[in-house]
Amino acid sequence: MKSKVYQTFDQAVSDIPNDVTIMFPGFSGIGVPRNLIAALHRQGAKGLTGISNNAGTLDAKAPDVGTLIEAGQVKKMYCAFTSPTHPSRVTAFVRMYNNNEIEAETVPQGTMAERIRAAGAGIGAFYTPTSVGTELAEGKEHRVINGRTYVLEYPLHADYAFIRAWKADTFGNLQFRLTQRNFNPIMAMAAKTTIVEVENDVVPMGELDPDAIHLPGVYVHRIVRIPPAPQGIWE
Amino acid sequence: MPEHPKSEKPKLERQAMCDRLAMEFQDGWIVNLGVGMPTLCSNYVDPGKTIINHSENGVIGYGPIAPKGQEDRHLVNAGGQFVLAQPGMAIVHHADSFAFIRSGMVDVTVMGAYEVSENGDFANWRIPNRKGGGIGGAMDLAACAQRVFIAMEHTNPRDGTPRLLKRCKLPITAPGVVKMLVTDLGLFEVTAQGFLLREHAPGWTPEEIQHETEAKLIIPRDLREFRFRD
Amino acid sequence: MKSKVYQTFDQAVSDIPNDVTIMFPGFSGIGVPRNLIAALHRQGAKGLTGISNNAGTLDAKAPDVGTLIEAGQVKKMYCAFTSPTHPSRVTAFVRMYNNNEIEAETVPQGTMAERIRAAGAGIGAFYTPTSVGTELAEGKEHRVINGRTYVLEYPLHADYAFIRAWKADTFGNLQFRLTQRNFNPIMAMAAKTTIVEVENDVVPMGELDPDAIHLPGVYVHRIVRIPPAPQGIWE
Amino acid sequence: MPEHPKSEKPKLERQAMCDRLAMEFQDGWIVNLGVGMPTLCSNYVDPGKTIINHSENGVIGYGPIAPKGQEDRHLVNAGGQFVLAQPGMAIVHHADSFAFIRSGMVDVTVMGAYEVSENGDFANWRIPNRKGGGIGGAMDLAACAQRVFIAMEHTNPRDGTPRLLKRCKLPITAPGVVKMLVTDLGLFEVTAQGFLLREHAPGWTPEEIQHETEAKLIIPRDLREFRFRD
């Protein structure tokens, strides 16, 4: 089998074409695949659809999906935050969204997680109680099951998932540290091609306890270990 | 609509408001605290009760905010605050964290809001004339937690307009879910008949509180003064 | 908070009433909560609905759901095997099922796992491709999504889950060993009350790595450590 | 229906049948082997290929059957056989294991069957006149794996009736999914036109194999003798 270990982030993202869908995990800046995003920024793929909890922050030193948005590489976002949490925080996304320069779908965070999970689990659609009675459920199919009302939601698939992990083996089995885990495992399961940046180490197969793997390596296609700063982004 | 001049009387402090909600937490409850004011609830500690803090980014049983210098760069709560690990803590991924929420495992979620209506609707994610919204995990929590508690200023800090309404004007986060509400003027229960004023801020009469409120308040015979932490 | 640790299996199951639904994990005899089942057999609750991959084996030394079935405690089974895999293997279940003395619903194993997961995940119903075009999909609602046909399936909830784990802490955080994991975590998440038998040890809170927990303790209500044989069943 | 006397000619051994299917596995494939005969596929090892064994009880990347005395009592494959851990192995729970299956991650599933029809249907879970069935994970695998391969005796061992049919008589496990089929008489590909005989058992003519078969076989010009492992 071809080795999954790549030497550079640029190599690992070099063949990503325009107009693909990419999942970007991370929550509160933790578990964000910043090195892969920076590499895709350099690579320049355009017309991207992004799936991510938020649509970028204002921290210029910490590349995230907002970096790609600001560079005009992103056409559409699925995210749980499409307006600033504070009026003063006008990100590139917010500016472009208000100017109709980017499309967006606001998805409740749990519905987003479950739609991603459904894609990785081969589920065609599911009924969730979240958003019933709100603007976000308008136009969606409703169904009463055992006296409770649910809306129908569909999976979110992706061509690529960018992943940030703590530790990997060369087969791609991954471990995450604490809240770094967040969307990482489910996004890796929902994407056709999963590319991982690894903080701690890439160890030989057999060194990770099979009971302590958060994402089986069968879901992982490319692995890059983050080099020391300043080459590697450790934010 | 009547005018609502900013009152000069002292109102409740945010910490006192959140203390009061936290006093309602029962032993063994799983609690999810929203970003901002609600996180102050975790400063109230009753040694007789075990409270389990859940955060939607997949932490069950996290500890207090990390003191300066003790931050673990991989451990934050949903508000992005560094927290301490606590014995018994467990980590799950995002889908499992919301599986936990949707299946009703959260005993109470405490959130901020822009508006609450007397039928238990509340709005905290979207302001009209602004495109999009910041929903985060609020809709999942609001629809699925056993109880929704709200902590917010009684009136809009910018223009003094009331926030306890007959019906929400903003797009709602979930219908009919608010059970309890603390504002800087008192503690309210949302009943089938509407807002029941349970405790009033010191120095504030029910009539004065009603004056700051659009919805009609129910004033019970056993109305009492706001209870502060011991 | 009241301690979750019980001294005996009999105490841990003593209050289980008649006519409840109980989930029994295990696969190929591994991860089967035999001690709890034996205790429930002694306790005698009747009219039970069982949810389990199979409906018991022929090994009399190893109590499983078949022990409860043979004793007439079970009214209905949901399982993936309702006929013997080999004609000579006529279990108590098969005999009673053929004589219409017990009800059963045959559920494909993956659909069973997903229905259990849906219960623990607050999902109202979901569309799965499994069983489309077969007898088991007859009478079920079908839907074509993106060109593929799915059937609608509903969650399987339970009043109790009996769980067999490797290690626990006193809060109920659980670890499983290898294929002992199988249905255990998802059944614990789908039940109102989860009772666990523990093979290795029940350790104080803080001794398990929060990144290496397979089931958070919030899902666990009662814990019993398996005593040495012959009191404990170690099959 | 013609009579089907039990032929006296030697047929293929089960291990040879499973070797032949395993020779079709490609480097890096994720393979799920059904209980019984299909597990024999794992005895065929091509050092030039990495094959990843998946078992529906949540093991990805298990190793060979455990030799006597080396069993780990917590590690079995779907057939209940004790297997050895292998470097790179990972364990998931049952819902994640079938999430893996349903999302099409399994490159090939090899199963036994009672009947296969020329349109790719197959039946392996239920016999009429017997109440219930033993479906296990077969429907999930059959509906969702990239390819379904079948290994079975060409005719019913009890009465010699054919099992390669125009249409299945038994309740099917999944419609139109069988890609390849090995029997003790040869290797067959299921094409849009029906069963294509790719390789025949030594000593068996296409006509003799057709005689044991209800469906009409397609006999290609490049028909060859059965390939055994080197």
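Side notes on the structure shown:
Note that the chains take the letters A, B, C and D in the order they are written out, and that residue 1 is the start of every chain.
Operating definition for what follows: a contact is a pair of C-beta atoms (placed from the backbone, for glycine too) under 8 Å apart; a residue touches a chain by one contact, two chains touch by 3 or more.
The structure presented is a predicted model; accordingly, all values stated were derived computationally and were not measured.
Taking C-D and A-D together, the pair of chains sharing more C-beta contacts is C-D.
Chain A and chain C have centres, each the mean of its CA atoms, that are 34 Å apart. Separating the CA-averaged centres of chain B and chain D is a span of 58 Å. Centroid to centroid, with C-alpha atoms defining each point, chain C and chain D lie 30 Å apart.
Centre-to-centre separation of chain A and chain D, using mean CA positions: 38 Å. Residue positions of chain D touching 2 or more other chains: 85, 91-92, 95, 98-99, 101-102, 144. Within chain A, the positions touching two or more other chains are listed as 114, 117, 121-123, 128-129, 177-178, 181, 210-211, 214. Under the contact rule stated at the top, the pairs of chains that touch are A-B, A-C, A-D, B-C, C-D.
Residue ranges on chain C touching chain D, taken from their complex, read 27-30, 53, 80-85, 94, 97-98, 104, 106-111, 113-114, 116-117, 128-136, 166, 177-186, 214. Here chain D touches chain C in the complex through residues 35, 55-59, 72-76, 78-80, 85, 91-95, 97-99, 101-102, 126-127, 130-140, 143-144, 171-176, going by the rule given at the top. Within the complex formed with chain C, the chain A residues making contact are 114, 118, 121-129, 143, 145-146, 148, 150, 154, 175-178, 181, 210-212, 214.
For chain A in complex with chain D, the touching residues are 1-2, 117, 119-123, 169, 171, 173, 189, 204-206, 210-211, 213, 216-219.
Touching chain A in their complex are the following residues of chain D: 27-28, 30, 50, 52, 54, 60-61, 85, 87-92, 95, 98-105, 144.
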